[in-house]
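Lettered A, B, C and D in written order, each chain numbered from 1.
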Amino acid sequence: MTSTSLLPFDKSRSAFVFIEFQAEWLAPNSRLFQHLVQDKEPFQHAVSQAAVLLAAARQQACHIAHAGLDLRHDPSYRLFAGGQQVLGLRAAIPQVGTWTGPGADFVAPFVPQPGEFVVQGRSGASVLKNSTLDPFLRNNRIDTIYLCGFATHVCVESSLRDAHDSGLNVHVVKDACAAFTRAQDAYFHEHILHHFGTGIDVATLVQQLQA
Amino acid sequence: MTSTSLLPFDKSRSAFVFIEFQAEWLAPNSRLFQHLVQDKEPFQHAVSQAAVLLAAARQQACHIAHAGLDLRHDPSYRLFAGGQQVLGLRAAIPQVGTWTGPGADFVAPFVPQPGEFVVQGRSGASVLKNSTLDPFLRNNRIDTIYLCGFATHVCVESSLRDAHDSGLNVHVVKDACAAFTRAQDAYFHEHILHHFGTGIDVATLVQQLQA
Amino acid sequence: MTSTSLLPFDKSRSAFVFIEFQAEWLAPNSRLFQHLVQDKEPFQHAVSQAAVLLAAARQQACHIAHAGLDLRHDPSYRLFAGGQQVLGLRAAIPQVGTWTGPGADFVAPFVPQPGEFVVQGRSGASVLKNSTLDPFLRNNRIDTIYLCGFATHVCVESSLRDAHDSGLNVHVVKDACAAFTRAQDAYFHEHILHHFGTGIDVATLVQQLQA
Amino acid sequence: MTSTSLLPFDKSRSAFVFIEFQAEWLAPNSRLFQHLVQDKEPFQHAVSQAAVLLAAARQQACHIAHAGLDLRHDPSYRLFAGGQQVLGLRAAIPQVGTWTGPGADFVAPFVPQPGEFVVQGRSGASVLKNSTLDPFLRNNRIDTIYLCGFATHVCVESSLRDAHDSGLNVHVVKDACAAFTRAQDAYFHEHILHHFGTGIDVATLVQQLQA
């Protein structure tokens, strides 16, 4: 399915969701960037393209939501049972020790501005699951979201899949997301995305915004 | 149904959930206490009984979760669309202006201690809905919760109903909860509670904890 | 809050949800009607008023959803663990033995017609929880629901509370719902409803529909 | 993370979830098998391996859940707004016309037996989302699931991701699942699975079951 059958772009019904534009990924010496991100150039390109999109969205007074991960209030990872006897990210995050320190800081220009929504809660990879993002969207009568951020095949993809099943229309902003490798991004766009949503690039999206 | 058919009390599978022991309710001059709470004596009794329970739960190293409401990061109530064109608490909270200032402070002895879980997120009356409480319970293999707090017939009851439908066993700690009036508490215990859970009082519960 | 601050009635964004208009309640010799419903006249009045509303909604081609309970595929109540070691309705339903036989039949004129949505799933009192009602609403861009059915203070109220926290606007159709007693209905309308939604009666609603 | 840090296999806390063992996939002339499944041999191998697992699970009286898709009650796909102005599977399913006819039949030996749970509801790819699977697990105190079925990278993977974020431990039964191609299965196991759960094969699992 292509996006041509969708309603035309409607600013009031759309939100731009920025996933984990925080020091844990964006600081040059961060563990996630150093150890997980193998293809560093496309990752850095995604950061700068997301900044272009954010500036345009701010200029047009669009709905903007910042969906980070912040466990500074939970330094022993009680949410994840301390990483004991649980599988997946719930074990990996406590083991690596991320998101409980300054890595949870948002990095400029992605620091939330007044009037922008900062998502609270969240229990795993989907930024909609057990968080305030979904009721924010519902209360504001937003039915379409544009996803940017990291990593494409982990948190972005889980959010995409969750949003699809909830009844939202999702556009993944291709050049404003990055996986660990170029190949993972290519795989996502070829084999996964069309089952749950559609893709768009920053240039096209900014044009729509400014039309 | 009575609690006799349940499994015996098992500390590792139980959590004590303290709902909104914050200044917005507990400060003597707070708007909620002043304007909503009509029967002030049973409300104050509930606060002191909850303190008795909390002390016992801390002594026995039980799972403790603090489920407050804190919108200090969202002073324009974007979560609730600014209270515009939404019904219920989503409109009332922005109108009264609660939870975005010092009213969101936890009040001693209910200030979270290290190792106690502080619930993030939440979009309305149920402290489980769109929050991290449910995955905290699941990851820690907790299937039984004890609810204390305010107000019995609003947030405590919504949490009870939501938890029932999720598959949790819920005990409402009668003398550690309060509605606006004694009559509302009585109504809840006579007409509502048994459809969704069961009741217990602090003295009985502390005995179980210390057995 | 009054409904005057809401958007005007918009048929395309509204759904009429009929809760449990099934033989388990509506058959004169049914256990629920016989044993739970004490004030039989207002209950029967609610059934006939709901029929008036349904006819009008059908005539205007409104979105109609039938939210019943049907456990005929699960005669041993595995969903509720057979009623063992669970509290509330999950224990009561298996004990009474409802919803696994002909009591689950819809009763005329409330039998779903082609094009009307029949909710699947559901795990307790809220007709939105773990069911297809919410994604049906979302996919069809419906943000406002009108609730009718039984019982006011059990399933209707749980649905109201759940929908509020999800970000929907809820109107409870007063004279098309009934509790077990008149007093329970009165209590609900005085003490509970305004925290989560608003009320309307069939005559007013039919006028809006036909305007 | 490896499964060695998990609790040992506990039958009472585990469920075997069979995803879409229905004619829409399993009938030799079905559209999904004909058009989507490119590598037919591994798909057919997965069906026979799943049958081995199901027989062992039945012999040991394990918790078994059948998570199909069945839209025979909704032939105009109202759940998905008729596929209009929605993206992903919600548009593709109405376009292809699946799940509203005999393709929704379970195929032997995967036809649910008495005492086996048949999941109701579901709104997309995850078999947990808006369905009765999650409360079935919770009410029965099951915290670990084993996933089999189709397709690995669509519904199995969405279920895995959703279950992880809900707080469940998930084992994907490798040789009892299949994607459209061998390469997609290989990609899933190398790049995706460890973020959310772990893998096991039928032989190892049957040994654990019979130990």
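Brief remarks on what is shown
Here is the rule we go by: contacts are C-beta pairs under 8 Å (C-beta built on N, C-alpha and C of every residue); 3 or more make two chains touch, one makes a residue touch a chain.
These figures come from a predicted structure and were not determined experimentally.
Using the average of C-alpha coordinates as each chain's centre, D ends up farthest from chain B. By number of C-beta pairs in contact, B-C leads when C-D and B-C are compared.
Per-chain CA centroids place chain B at a distance of 27 Å from chain C.
Chain B and chain D have CA centres that are 37 Å apart. Between chain C and chain D the centroid-to-centroid distance comes to 32 Å (mean Cα coordinates, whole Å). Residue positions 86, 90, 123-124, 130, 134-135, 139, 141, 165-167 of chain A are each in touch with at least two other chains. If the chains shown are joined wherever they touch, the resulting network links each chain directly to all the rest. Put simply, chain B touches chain D in their complex at residues 134-139, 141, 143, 165-168.
Looking at the complex, you find that chain C touches chain D at residues 73-74, 76, 78-81, 86, 90, 114-115, 117-118, 120-124, 130-132, 134-136, 139-141. For chain A in complex with chain D, the residues that touch the partner chain are 1, 3, 5-7, 84-92, 95, 123-126, 129-130, 153-154, 157-158, 161-162, 164-167, 169-170, 184, 187, 191-192, 194-198.
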